[in-house]
Amino acid sequence: MLEITKLTKRYGSGDPVLKELDLTVEGDQLTSVIGSSGAGKSTLLRCINRLVEPTSGSINLNGTEFTTLGRRDLRAARRRIGMVFQGFNLIDRLTVMENVQSGRLGYISTWAALTRRYPREDIRHAYELMERVGIAHYADKRADELSGGERQRVGVVRALMQRPEILLADEPTASLDPKTSEQIMSLLRDLANELNLPVIINIHNVTEAKEYSDRIVGMRYGRIIFDDLPDQLGKDEMDEIYAGVPAEDRAEVGAAA
Amino acid sequence: MLEITKLTKRYGSGDPVLKELDLTVEGDQLTSVIGSSGAGKSTLLRCINRLVEPTSGSINLNGTEFTTLGRRDLRAARRRIGMVFQGFNLIDRLTVMENVQSGRLGYISTWAALTRRYPREDIRHAYELMERVGIAHYADKRADELSGGERQRVGVVRALMQRPEILLADEPTASLDPKTSEQIMSLLRDLANELNLPVIINIHNVTEAKEYSDRIVGMRYGRIIFDDLPDQLGKDEMDEIYAGVPAEDRAEVGAAA
Amino acid sequence: MTNQSLNQTLDHWSRFTLRQRLMRYGGLALTLLIVGWALSSIDVIWAWVWDAPSQMADLFGRMMPPDPSNLPSILEAIWQTVNIATLATMIAVVVSLPVAYIAAQNTTPNKFALWVGRFILVSSRSVNTIIWALLFVAIFGPGIVAGIVAIMFRSIGFLGKLLGEAIEEIDRKPVEALEACGASRFKIVLYAIVPQVMPAFFAVAILRWDINLRESTVLGLVGAGGIGMILQGAIDTFNWPEVAMVLLTILALVVVGEVVSSFLRKKVL
Amino acid sequence: MSTVKDTWKKPPFIANPVMRYGLYAAVAIYFVVTLATLPIDWDRVADGMSRAQRIFSGAFPPSFDRAGLLFDGFMESLKIAILATVGGIAVSVPLAFMAAGNIAVKPVYLLGRGIIIVARSFHPVIVAIIFVKAVGFGPFAGALTLVVYSIGFVAKLLAERIEEIDFGQVEAMRSAGAGFIATLAYAVMPQIMPRLVGLGIYQLDSNLRASAVVGIVGAGGIGATLANAFGRYDYDFALAITMVIVGVILISEAVSGFIRKRIA
Amino acid sequence: AEDCAERGALDTLYCDANGDLVADTPTDPAKLSNPDTLVFAYTPVEDPAVYADIWEPFIAHLEETTGKDVQFFAVQSNSAEVEAMRSGRLHVAGFSTGPTPFAVNLAGAVPFAIMGAADGQFGYKLQVFTQADSDIKEVKDLAGRRVAHTSPTSNSGNQAPRALFPGLGVEPDKDYEVVYSGSHDQSMLGVVAGDYDAAPVASEVVDRMAERGLYDTDDVRKIWESDPFPTTSFNVAHNLDPELTAKIKEAFFTFDFEGTKLGDEFEGVSKFIPITYKDQWAVIRQIQASNGVEYTPQGLAGN
């Protein structure tokens, strides 16, 4: 169970990007976070595993308080959180297998990491996951030889390799074609169920979000203004979440001019 | 009018990625190209302005045959084609305004380009377009300080700055939130109408494609297998376009195992 | 920004504010001033400059044709030099890696380590080759060991500095991804940093290798021969055709080095 | 597929196993042989330590008695270094563009690479003598020599950096129909700027230290002073000079770091 | 120079009609040079290293006497100096002992002075050192030992021993193993450390080393000493205007080392002494000839 309480994040001296935000995610829920550009979705996810240092508030995963962990403990704790990135963040010059196995780096010995002698168990697991998303035949290809869609699938598999207690995904389907998107979304949902793994996804495609999520969280200006079942997300709620986007205001003015 | 005839593209010695493809785009149409990952959508777009050298076939834009142009003529001809990239391709270290004005580089003198003394007319045009997509207030920000969504909008404006005769966009909305996506799609549609500008968009989001396009082209394995009005794109056609995706096949096998 | 100002479309834009522009002009003026000051010390005798091509031709003319009569001893010396340069470069590369790591701003554990790293690199570079040679001859006795160690110490600064800069230029995103996996520092280096600096690594190592080939003149200083000694001897006795031969041999080696490095780079780029 | 694989090997560097192991073996043998034949006499080393200490004990404390000489030499070196660096960069940047395979056409590329390779093959002593013959002794010859010396280094590394740029930005400029220079200025220069600054500042301090080369042309500055201090066994003065050089270069290092961070 | 009857070993650019072994002043006035700025360079090799500023009083004196600006360069390469004079970029130069014949033949240098003591004594000696407790007592005993020479082109460190030792009963390379140490200092330190059994070195260098305490004089023993060799020769370019040449010589010979920095630096030296290449360098030419050195533009150096 992930419990976020009064989470605030301020970059530099500007306005806070997250404002005393509370959020609890449990069990096998797939939670989608939606919101306009700049609402703070990525910041929220990155605060959870402290890639971004929260300004204040508490983040508690299955009893571990994350905000107060020291360097070493944080490293161990991060293994329990899988993360998929908006920009893939693969290591271009390594093969797909190495990229995937890098998700296990927290567990294997330095020597094994250096010589690429991964445990059999890990390799089997990697192949299983790669088959599932359809990239097993690319195991020996270099990551930068793949198309955008394929790259993102590598990113998803890498995160799953950690056997995480929670999975965070920052727009994991942004550059996938709809069928592959569907596969990944259903994979994520299935995993949430099978492994009793809470999954939090930042997503722009509301249709997809509604179809696959157990719960939808709508953010605006660093606050959660909607938190309910997908069915409850209607036209009005959508308007509220995406309304008053500064960009939109300006766009209308501009168009009028 | 863009007329593509028998366009074939083969990378190295592999199978052709585009196979004797014919496509004609006219007037103020917004044409969406859909297809699974690797179908050749990006390659098609990049062949049009010869960022990728076609293997054979003909590409004719308003009477200019592109495939036979020499270096100098090609450069002049490329100004007539605006392009928005899948990965934005912004120049990170320059400001938004410089990025936007770089769309005019084909027109202004090298000296003006180096000293950043852009013509007033261009600056006004840039501000207009930036207002329209809601990024005018970022003119002086560095491109790498923007969010993914904002970056893509800069890319769109840069392409429009060329005052192109045709606009090509490779997944222009892949990382935008739905409202901004809508804005950009409707902007592109409006521009197609206002400027009588044919627009070709590669897009994965079929819902969006159907909503904004005048015409949908479905690609599979380097061939066009669907080319009709959006209404005609039903479940069967979708299945045909996205069916037999190697990735999907394998994924099902993997899941069964 | 208010809506008011947005209603009228702007047609003005400049890259910098007035203040920034003044500062930039100031910087430019200062630079020009410094260059001017430096130029002031150069008194060029223009008559000599016009005459230069014929004087250079005098020298190159006397180099022609290259004299291969001493080729066997040149080849032997160059083989020895290659060995020395290779060993010295290899060892220096290994030693410079950790130094580069702590001297790069984005990987250094802390400010103190950063400056320790920089100090090591700068000392290695600033201490004259002659000094290194003298020191190691005193320790190891005359011979190639002293030469290798001197060249090695001299190379560390160069390699560490350039590798450190390559590290500073890496893409941070993969590093972040591995941090999110809970990988240790060392493994992050191994998986996210090493692959990214590989191309620079080969380029820099080969570049230093061929500098070391030429730097092996220090071997003469420590009584260990090498191609530098032959070259120096040929220059001292105005045996220009032999100098030309040595230069051609070095050129051939540099080309070989270039081919090897571009092969390696292609493999990793 | 009925069973899932549980072994995996990284695709090897060289596909052919005979070639691969042959190469590994050759490299290993080379190292073992060359290292094993190095004559290291550890007793001599033990003796040598104390003797080295005796020789260099004269270096402490460093002597700044001849501060005037140090200062003059330093200024002379600084002037030459500035000119050589400005000149070297001015020559190296276009050369680097010529020698970058992804920007230049083949013949230009080969020409660029060729010039760089020749610049790297010429021993600095020879280059120095050539320029002394050409323009006489003095800082002008020194600066010219160091310019050539810089080419092999700055142009090569810069060319390699250019080959590593994100090409998408160049494509974007090309598809806007931008001219060659404009493409370089907008899509390439911003990407290589940090490296250029780093190389430039490195070159500045390298030129400051290039005593061997500049001493030959009679414009030795600090380098010649240092060499003389050594020749005269004034190790305390030599240490003082070295300390000043290290100090100045540490400062330039900090400046370089600062600028690179600013434009990164 | 095409119509030159006699040029001896000189390069084809020069002529030696009067048989003094150095290049003649051109007879064609158009070929004479009378530069506004005199360029003067000096390279120490067997002489001790000096800081550039000690030459200041002499430069001032030279400027005053000749009425010309003088640019002084402390140079670190003999070859660069010789080539510069050959190209007309250098007018007055100090060449060290070994390179002087090259300068004369390849660059048209005309040696005219050397530093010396008040009594007309000049030069340095070649000395052979061994460890104090060594059983080597005279040069003959070097047979079968490891002896450090400095570098192949050095006069005192290599060529002189090769020319002189056979007369003393050993032939380098044949009777004993020659190891090149790189420099006189290295030879001496190597002897002290026992890396070499003995080494011929230049007296000036070891004297200064002893003075600075780089080695303990008790550790070594001198077994042999040569007659003095000339040190650095001071030369003018052959094509300078004869009047200017006369002024330059006057400046050298009227300079008083007493009380100047130059005087402090070069101990036992009080004036410039006139010399000729023909006489004072005969011994060096002989040494080089016996080593097979030729002064052609290609100047093949044999051992």
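Letters A, B, C, D and E mark the chains as written, and numbering starts fresh at 1 in each.
The rule is short, and it goes like this: a contact is a pair of C-beta atoms (placed from the backbone, for glycine too) under 8 Å apart; a residue touches a chain by one contact, two chains touch by 3 or more.
Heads up on the chains, UniProt names are A, B = Phosphonate ABC transporter ATP-binding protein; C, D = Phosphonate ABC transporter permease.
All figures in this text were calculated on a predicted structure; none of them were measured in a lab.
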item: Interface with more contacting C-beta pairs, comparing A-D to C-E; value: C-E
item: Distance between the centres, which are taken as Cα means, of subunit E and subunit C, whole angstrom; value: 36
item: Gap in Å, rounded to a whole number, between the CA centres of subunit D and subunit C; value: 2
item: Computed distance of Cα centres, subunit E from subunit A, in Å; value: 79
item: Separation of subunit B from subunit C, taking each centre as the mean of its C-alpha atoms, in whole Å; value: 43
item: Touching two or more other chains - residue numbers and ranges from subunit E; value: 77, 79, 83, 86-87, 89, 189, 193, 195
item: Sites on subunit A at which at least two other chains make contact; value: 87, 98, 128, 131, 250, 253-254, 257
item: Junction residues of subunit C - those touching two or more other chains; value: 6, 9, 45, 48, 55, 58-59, 138, 141, 232, 235, 269
item: Chains touching one another, given as label pairs in label order; value: A-B, A-C, A-D, B-C, B-D, C-D, C-E, D-E
item: Complex contact set, residues of subunit B against subunit D; value: 49, 51, 75-83, 85, 87, 89-94, 98, 102-106, 110, 113-114, 155, 158-159, 162, 253-254, 257
item: In the complex with subunit C, residue positions of subunit E that touch it; value: 37, 77-79, 82-83, 86-89, 99, 102, 106, 148, 151-153, 179-183, 186, 189-190, 193, 195-196, 293, 297-301
item: Sites on subunit D touched by subunit B in the complex; value: 1-2, 4, 166, 168-169, 171-179, 181-183, 185-187, 190-191, 193, 263
item: Of subunit C, residues touching subunit E in the complex; value: 45, 48, 51, 55, 58-59, 62, 67, 137-138, 141-142, 220-223, 225, 229, 232-241
item: Subunit A to subunit D touching residues, read off their complex; value: 95, 97-98, 116, 118, 120-121, 123-124, 126-128, 131, 139-140
